[in-house]
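Chain naming follows the written order as A, B, C, D, E and F, and within any one chain the residues start at number 1.
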């Protein structure tokens, strides 16, 4: 069952960035195994960020391997925090920026946030925002410094700030000394149980229930390990194989899972 | 038999870049062993990119060793996708550009693509566009960041975007974290069977059938391994050896194959 | 018992930066085990810096692991030095600055300080001010040079200057040759005794005394190791779990301590 | 016997760069052992580049150790290609250029070449044009990128382009991924046989035939290994030792060869 | 006994920089063991620099570990050279300078010096002036080049130039090829004998003679190793412990020496 | 006996740089062991450079360890070449120059030289001109490229160019690929025989013949190894020890030689 589906979106209040956030939740939030618990934990921190009794700065990191679904979950939390000021820091808008102009833009956004009593900033792929790349390794020191300064310093008295970030490389953030600025870290796991695959297949609507049963039977003899985004992407291939015979579709799909190294059959 | 030959080219619709694409298919597409299957797989993803039921962003990587023919195949797919908006990102047009102006140009092209309902962007030699070179190693971080942002972010609602890239260094893209933005990866192999060499020789028209028979007999006692582009290039030498005696021509050609390390005779 | 609590703050004299300093002491100074001795030692150096018989330059380094509470203690000392001129060098105000403008700003602040007879400069996270990051490693050489020059040269005749810095990476400062400019170094330890945890829990007011007793009982069978800032941060989670049953709250808190690796129960 | 001597130079047609090319052939082309075969091979590729049946882009690399004579041979081929448009890319004209202006200049030259139906571009010391130096190692990435783009992309339809380059470091070009853009590579060897030394001595006119006989007798008991340019350079020393006794001249010359490590006598 | 004490300073002649030099000799020159010999050796070189019979360029390097007292001794020599033109190159005045402006400033100072018949230039912490830092390692190549050029080239005919430099990292200067430009190198040792500690304590006036006797008795059972600057710094702590009981003061001081690793008691 | 002494200098013809050259020969050329042979060899190359029968470009490298006397010998050759155009490339004049302006200046000087029929360019410390430093290692690529281009390309027809360079790091030039541009390399040795020391002492006039005899007697029981410049420098110390007793002077001098590691007595 869907926790969030694209249909029931309402247009956002002034200053928020709901449309951008929704682009991260392209296929809704399917409620497979780990999802509910993660979202509850996340919403607890949203509540803590709002509370007048707590520190007035809360930084939350949602991290996981590529395609695990971190961006969608983080966007979901940001959207549902219902903070009057919600802004997204978007690398797409800063293509080709120098380090200095990147810093300027991000800095200005934090200054804007400080003007609101309750504000939420969403930063997707934190290490990518800092131009991190493992060959070298390289990253933009000026942006790293800016991040550190901005994430670790408290908003002015009477203002509360929540920052939600995602990352694919937790260990890099740790090495850079950025991990200690986060109040909490939530790890998004891969799908590793057949039941969870089944639920995703069902909710996606890309295969018939007979087909799903066949797939599930096949998968029960081996090990599965995949991010929800990857799995949904492979189902797109099913969508264009419409007229085809069911048996062939099931075979095509399970072959795909094996070719991509997602499913390893038992020997 | 030729799948595509230069004769039957029709001038392109408004906004497309057919002429540039054709330069990549200088000698047509000869239908040797692997070709058909690769093109069918490719066209299936083109179909998936068009479909309204699938994700509105599809990135396809055509990769293979130098001279394998990746550029020609990718250009063929781009050309035959028949998308109303088709653009080529051409390193030749950006010689001497700073990283920033490169980003600007590429960014603008993506913005243009977003204006069309269905658009296709062709980028040849992705790692070279990012200035990658193994000594150092070096690459242009700003361009890498731009690529990541542009390839991984979805077009606006209601727009569909297909990006087709080629690469000679898949492992570098993987290390740079760029591989995970691709929906699918197609590997172009080298020619390794005598039958495939025979077909290329026949279609090229550079040698007589008697000569080809002699070459094929010679090659059957050893191992052959060559990219289609390299093989066609060596046949150019045959074209300028026109008046020469057939026996000499065959000897010259098989010697060439051995000198270049393409053919290793059995001991 | 609180050594310093936020209530009794008086507005500062002209030229001081008390408000900024207070932001570093968000939750007051709780007098757990090590605190008193550290503050006395610190105040002794403040006295030495004021004395007309001593060198007219005194640099004090307060160092410790992340969350140990170094910033709060250093800010406390700066605030209570009661020097007529007190200034804070704040990385938040220099986001995106080039190295040169950073140097300019810091240099100007020292020049200003030289105009006062007695002045105190507070610099939080010295290595971060120099853009230090362990990946590379990287740092801003120009700023390092500036720091060295400014910290090691004496103010003009008749002027006395005290500089209080904090650092999370003492060994880096040592390697950079900066440690020898400090007159003295004070190390802030982690909390490692149950009694100290108990005092912090009590002063924080986030749990009832019954709850605290239960926590303390639990912690007595194992090893605890945590910075005061981290511990106070975790108590925020307790504040939002208000209506909940006492037993659950205690369990939640001790679980949190174990999950974060702060408490390791005996085997 | 001389294949090419400086006397018979005719002034070049419009647009060509014969004078610059001739500076590379300061002492003509002496026809020692390997020379004829190399030049024939080279001229065959020139023919191939002209042929309307072949690819419209041909890149030829003439490579060899320092002083092997690569520049003279490549210049000879360029000059004798008799292409209506012939241009030399000269590092001497770009001393102190930034990478960007270097790229601009080279790019413009290729654009110019595209305007002619048949054009030839000569680039001496390719790796030096890219600022390659083994300490680091260093090279100018922008220029390397430009080279790759320019050498690998085809001229417009109906235009034919031949590029002749020399290199002292073939392995560097290979590592940089530049070797695969060349249609063919010709290696220029060192002189290693006494007969070849004899021919060079004879053609140079720096020693009498008696002296040459004596030198040759001496050299026959050992191993010789030298580039033609180096050998001709050493003969300059003979030219200034004019009045001297023949025996002394022979001794001086053979000593020189041994001192420079060119001749290793048998033990 | 004091060789130099701050009282007897006379205001300097035109063009000199006596005030800046005096700041380096904040606590005078105490005549402990090594001092006299070092100063005599130094003054001998000053005499040599003045002599019309010797080379017209003399560079003297005073080197030693941090706190050894190199700066004070070098400043003393510069001050007492009584050269009509004496200038100090001060890193404090060049905070935030680019390499180029640093070079400009230093260059100009040498040009100024060339105008005087006899001139002395004092450069404290040579490696720091060149922005040397061991992490990397890093240094400013332009400044290093400037230093080399300026220190190794002779002043115009009829002018005599003496340059006195200090350094904490002799081995770095050696590696950088700068050591060979110095006419002579004088090494300043640490204090390692109890008698020398005693003399410093006595001259400092920070402790009573009874206290000194007690300290000396304590120190005689172990090994001592400390720079004169460090030792004088620690005595500042005694100055603020005025009212305290003698026994406690002695204990405090010997503890301090042990804590700082300066005194290692015999086992 | 002196080959060249400062007395007999005549003012130079128009365009030459004799004054600068003379500064390199501050103490004349003392004719110790190796000197005469080196100068004859050098003058032979000067003759070769002038000869109309030889290549119109001749580059000579005078190399040796620091203080060997390379600069003086190279300057002597340049001065005595009596070329109508003689110019010195002086690092002292380019302090703080950017790489580009350095290249510009050097380039311009070569262009000037090309205007004269016979020209000589003197470049002291070639690797230092390129900003070479072993820590890194570092050097200025643009200047290296310029050097390579300028040294390896021939002057226009009818012009003859001689370039004389000195170097302290022959192996670096080799690694940078610069050694192969030199027509010849002359190595300047250290003084290693007592007779040679004796001659230098005698010519210097800094000690009486009795003193010299005593020194020589002492040195005959051990190994000596020193550059002529260093030796002459140490004799300056003798010049300021004028009034002193002979025995003491001899002892002081031999001690100095031992302290500096120049003389190692036999065991």
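Just so we're on the same page, a residue touches a chain if its C-beta (ideal position, glycine included) is under 8 Å from a C-beta of that chain, and two chains touch if they have at least 3 such contacts.
Owing to the predicted nature of the structure, the values given are computational and were not obtained by experimental measurement.
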Far-end chain from chain A, centres as C-alpha averages: F
With a Cα-based fit, what is the angle in degrees between chain E and its identical partner chain F, given to the nearest 5? 60
Report, in whole Å, the distance between the mean C-alpha point of chain B and the mean C-alpha point of chain E. 68
Distance from the mean Cα position of chain F to that of chain D, given in whole angstrom: 34
Enumerate the residues of chain C that touch no fewer than two other chains. none
Quick one: label the inter-chain contact graph as line, ring, star, complete or other. ring
Considering touches as defined, can you lay out the ring of chains in sequence, from chain E by way of chain F? E, F, D, B, A, C
Note: in the complex, chain A contacts chain C through residues 44, 47-48, 51, 53-55, 99-100, 102-104, 106-107, 137, 139, 141-142, 144-146, 148-150, 153-154, 157, 172, 175-177, 180, 183
Would you tell me which residues of chain D are touching chain F in their complex? 23, 26, 66-67, 90-92, 94-96, 98, 128, 131, 133-135, 138, 140, 168, 233, 236-237, 239-240
